[in-house]
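Below, chain A partners chain B and then partners chain C, in two separate complexes.
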Partner chain A sequence: MRGWRTLGILVGAVVLLLFPLVLEQYKLYLASLTLVYLILAIGLNLTLGYAGQISLAHAGFMSFGAYAVAILVPLGVPFEGGLVVGVVIAFLWGLVLGFPALKVKHHYLAMVTLGFNIIVFLVLRNWESLTGGSFGISGIARPRWGPVRFQSDRAYYYYILGWTVLVVASAHWILHSRWGRAFRSIRENEMRAEVVGVSLRNYKLMAFAIGSAYAGVGGALFAPLLTYIDPGAFTLDRSIQFLMMVVMGGLGRFEGPFLGAVVVTLLPELLRASEGFYLIIFSLAVILMMLFMPKGLVEIWDWMVRKMTRRRHGPAHPPAPPEPAAVLEAK
Partner chain B sequence: MSLLEIRQLSKNFFHLSALSLVSLSVEPGELLGLIGPNGSGKTTLFNCVTGVLRPSRGHVLFKGEDITKLTADGVYHRGISRTFQLIQLFPEMTVLENLLMAAQERKGTLFSRLLRRDETEEMDRALNLVEYLGLSGVKDNLAANLSYGQQKLLDFGMALMPDPQVILLDEPMAGVNPTMIKALVTHIQDLNAQGYTFVVIEHNMEVVMSLCRRIVVLSQGEKIAEGTPAEIHDNPAVMDAYFGT
Partner chain C sequence: MTDVFQLLVAGLSIGSIYAMAAIGFVLLWQTSNTINFAQGEFVVLPAFVMVLFLTVFRFPFAAAFVATVIVSTLLLGLLVKKVLVERLLKMGVLPLVIATIGLSMLIRYSLQQFWTPLALPFPAIFSRQPIRVGGVIFSSEEVMNVLSAAIVIGTLQLLIRRTKLGWAMQAVAQNRDLASVLGINVSRLVGVTFMLNAALTAVAAVLIAPVYLVKYDIGIGIGLKAFYAAIIGGFNQIRGALLGGLLVGLVETYSAAYISNQFRDAFALVILIGVLLLKPEGLLGIKEEWA
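For the complex of A and B:
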């Protein structure tokens, strides 16, 4: 299992590093967009997949990162400075939105976060002096480190890739700590979690705030990718798109967002050839996937890994162990 | 001073009075039995003590500190743990993960739990416990895939994991086969001898009478009797509560 994972990471790294060298402009843009969406999906997977707290405000949190960069960079702030500001704002608003999560659950929480996304959208559209209103902000510069500029699409792709690696590594680090286990305990049995000492308040707030902070990172990288943003990019539709990535990929599975982000971003592009039918085909594909793979696309991944390992190591399941009573008797 | 003291505790669900003015105390090192017919308020009492439910009136004192208003995680941090009549586990975690989960919040701060990775001490304890409870063979299985009896034992193990001062057991023997009941009784006596304090809700009279030196009887939310097994056995009010007239 471990060997396969290492192999997967190596192959993935080579593809991600070399593939862009041969991609034309539009495909390069799609690859960059997929990475940005991956960052956002990882954030939502932490909040929803691991901690079980639904958020339909992910695009709203994304806008904090995007607008922070778009507003601050022209003022002479380096891109990374704008990104940090956006992430901090997203983190803090994530904390604020975490509070309702302490009182309401499931679809009620969905309504609360949905409302928040709409409010963010309205503020972005109406606070014209800051956000440019519905005209948005154009000519967003890409980052530069002294003489090194990430101006070309290819250079900016590698810049995004660097942040993606950071996000993946940090999410892995958080989710494999006691926090990750505490998040899962809340999702699996909230009452039991509290009885074994899990502070629902602390962990739910953190799950919301960290997930939102990742959305801020994604948003900050998103703005210079398109070089233009307007409030229409951060509507509820987009939040639902992230929800789809996480659910289709596999809730609460580390591999989930990778599969989800790739499929939700690239499948519509592949289907473009079918002209007017592509949305219908895409929706049908989503419905079928959910019917036959309710745990998400990771089921295909798991199936492949099982096939590979079984062939090499014989049956995957050891014989059933004896009942504990028998063990106790034997003592 | 009593370790755990319940004073005039009442709990109403709307117009239904689930507990009314129940008082009892638990001494350090004791093994107290709590019995009563179905619906007499035993589990509600546990829920009120452990912060799962907020009592309507009355107080819960632990080592003299009023813990009535604490949430469940606060009660856990004071050193009170419990099991559940309807088993409550983390189904998608392995047996070992369930045990580690039961101890991870015991020490440190929120941020030290993010930064500190070392878990050898907890892992040693968890491995000792699976050995002790006879769950070694299934330690890497998901909790959802265990048999009923094994889940019951895991629930018990989770209550022991944080090294608590008082353990509240809610029908630990219900639905468990006779062999495992024997094992559980031995475990409880064993741990009690080591100094752990227990309060046990149990329907199996034979077990309660042999296990506990003192028994409290609830009926329809009120305490109707308290005493040694012999006294309870001969108490007409208890017979009345169970069999009615």
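For the complex of A and C:
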């Protein structure tokens, strides 16, 4: 099992490193976009998948990172400085917004975050002196380190890839620290978690704020990728898209966001040939998936892993039962 | 000062339509823990069906209305419950949430693709003859909208308060397992609630269509308002959803007229967030137990 995992990571690394060398411009853009969405999905998976708190404001948090970079970089701040500012703002707003989460059940949190995203959108559209209003901000520069510039699409892809590795590693670390265990114990059973000494208040807040901070990272990387942002990029629809990514990928599973980000970003592109029908096909696919694979695409993943390991060890060893997927409502 | 009264009626008129959608929303949550993200499209689809019966089949108005309610009840009530809800209900809240998001997109883009991306005109149901009371001028359409909504909601309240079906619904809302043990067929009741909701949204559709025109994407706005209304009033109270709907309609109308048309959607949201911070169970809501 461990050998297979190492092999998988190696193959993935080689593909991610070499693939862009042969991709044409649009496909390269899609690959970069998938990585950005992966970062956002990992953040939401922390909040929703592991700590069980729904957020429909992920695109709003993302906009903090994007606008921080777009506004600060022209003033002479290095890209990474803008990113940090955006992430801090997202984190702080995550704390503010996560606060009602301490008092209410998750469907109310869905409403608060939904409202927050709409307010962020309205502010972005109407605070023209800062955000450029509905015209947005164009000509966003890509990062540079002294003489090294990440100006070309290919160079910027590798820059995003670097951040993605950082994000994945940090998420892995968080989930395997006592934080991750606390998040999971909250999701499984709040009351039990509290009884055994998990401070619900702090961990719930942190799960929400950390997830939001990841959205800030994704947003900061998103702005120079398109070189142009406007409020329309950070609507509630986009937040719902992230929610679909995480749920379709597989809630509370480390592999989930990878599968979700790839499918939700690339499936519409594959279906684009069908012209106006692709949204219809996509929504049908979403419904069918929920009906027949409610635990997400990781079910296929698990099935494949099981097949492979069974072939190696022989059928005598029963496959390890997959981790229980997150069924949120305790009812 | 006369404006204030005119806007009051206008706000109540649109608010009572939001209230109907919101009440349906609350009923679904109560009996089946479904957060229906497609509630807006549940209003739009019947509006299109009504246009179909009126302009293509040339039904008289009353017949078209009855046909629309029946189609809506079967399609958005029975079919949705049988195909989607029955399977997903056991899985918890989230899969059903995602499925209703998918459903809303499916309805929206199917209408756009297979029917029309344009706005369809809808005949006025009630005369738009102005009514004068003192110096104040009302449109009779608005007054009739409020009255129709009042009749529908009143009937629903009677149904829930006075009939066996209503009592069963209340029992399921309070404790699903216990209700089941007491011999209530919960699954059938959920089906009935979905059909009731579809009938409600069909009535809302016919009332709102002359105001908004019939277009494939108006459901987004209507669904959101129904949401706000349900949260502001309280997720577990029909009276709450009614109050919430009227409030949202009034706030929207007044703020558009007096403050800023651009931010009209923001003011209802400000109330929403205030309510969530100060009284998260809603104005008339009752605190739910921690699950």
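By definition in this document, the second predicted complex is superposed on the first by the 314 of 331 C-alpha atoms of A that agree within 3 Å, B and C clash if a C-alpha of one lies under 4 Å from a C-alpha of the other, contacts with A are read in each partner's own complex, and residues count from 1 in each chain.
The rule is simple: a contact is a pair of C-beta atoms (placed from the backbone, for glycine too) under 8 Å apart; a residue touches a chain by one contact, two chains touch by 3 or more.
Just so it is clear, the structure is predicted and the values come from calculations on it, not from any experiment.
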May I ask you to decide whether A:247 touches chain B, chain C, both, or neither, giving the answer as first, second, both or neither?
-> second
Of the two partner chains, chain B (first) and chain C (second), which one does A:294 touch, if any: first, second, both, or neither?
-> second
Would you check which partner chain A:134 touches, where first means chain B only, second means chain C only, and both and neither mean what they say?
-> neither
Across chain A, the partner (chain B or chain C) reaching more residues is C
Have a look at where A:286 lands relative to chain B and chain C in the superposition and call it first, second, both or neither.
-> second
Once the structures are superposed on A, label A:112 by its partner contacts, choosing first (chain B), second (chain C), both or neither.
-> second
So, A:152: does it touch chain B (first), chain C (second), both, or neither?
-> neither
Can A:177 be said to touch chain B (first), chain C (second), both, or neither?
-> first
After lining up the shared chain so the two structures overlap, which partner does A:200 touch, if you call chain B first and chain C second: first, second, both or neither?
-> first
Once the two structures are fitted together, what part of chain A is touched by chain B and by chain C alike?
-> 191, 327-329, 331
Chain B contact footprint on chain A (complex, rising order) | 174, 177-179, 181-182, 184-185, 188-189, 191-200, 202, 206, 321-325, 327-329, 331
Spell out the part of chain B that touches chain A in their complex, as residue ranges.
-> 50-52, 71-73, 76-77, 81-82, 84, 88-93, 97, 100-106, 110, 113-117, 119, 133-138, 147, 149-150, 153, 158, 162, 177, 179-180, 183
In the complex, chain A touches chain C at residues 54, 100, 103-108, 110-112, 114-116, 118-119, 122, 126, 190-191, 240, 243-244, 247-248, 251, 276-277, 279-280, 282-284, 286-287, 290-291, 294, 326-331
Could you pull out which chain C residues touch chain A in their complex?
-> 29, 33, 35, 83-84, 87-88, 91-99, 101-103, 105-106, 109-110, 112-113, 176, 224, 227-228, 231, 235, 262-263, 265-266, 269, 272-273, 276-277, 280, 288, 290-291
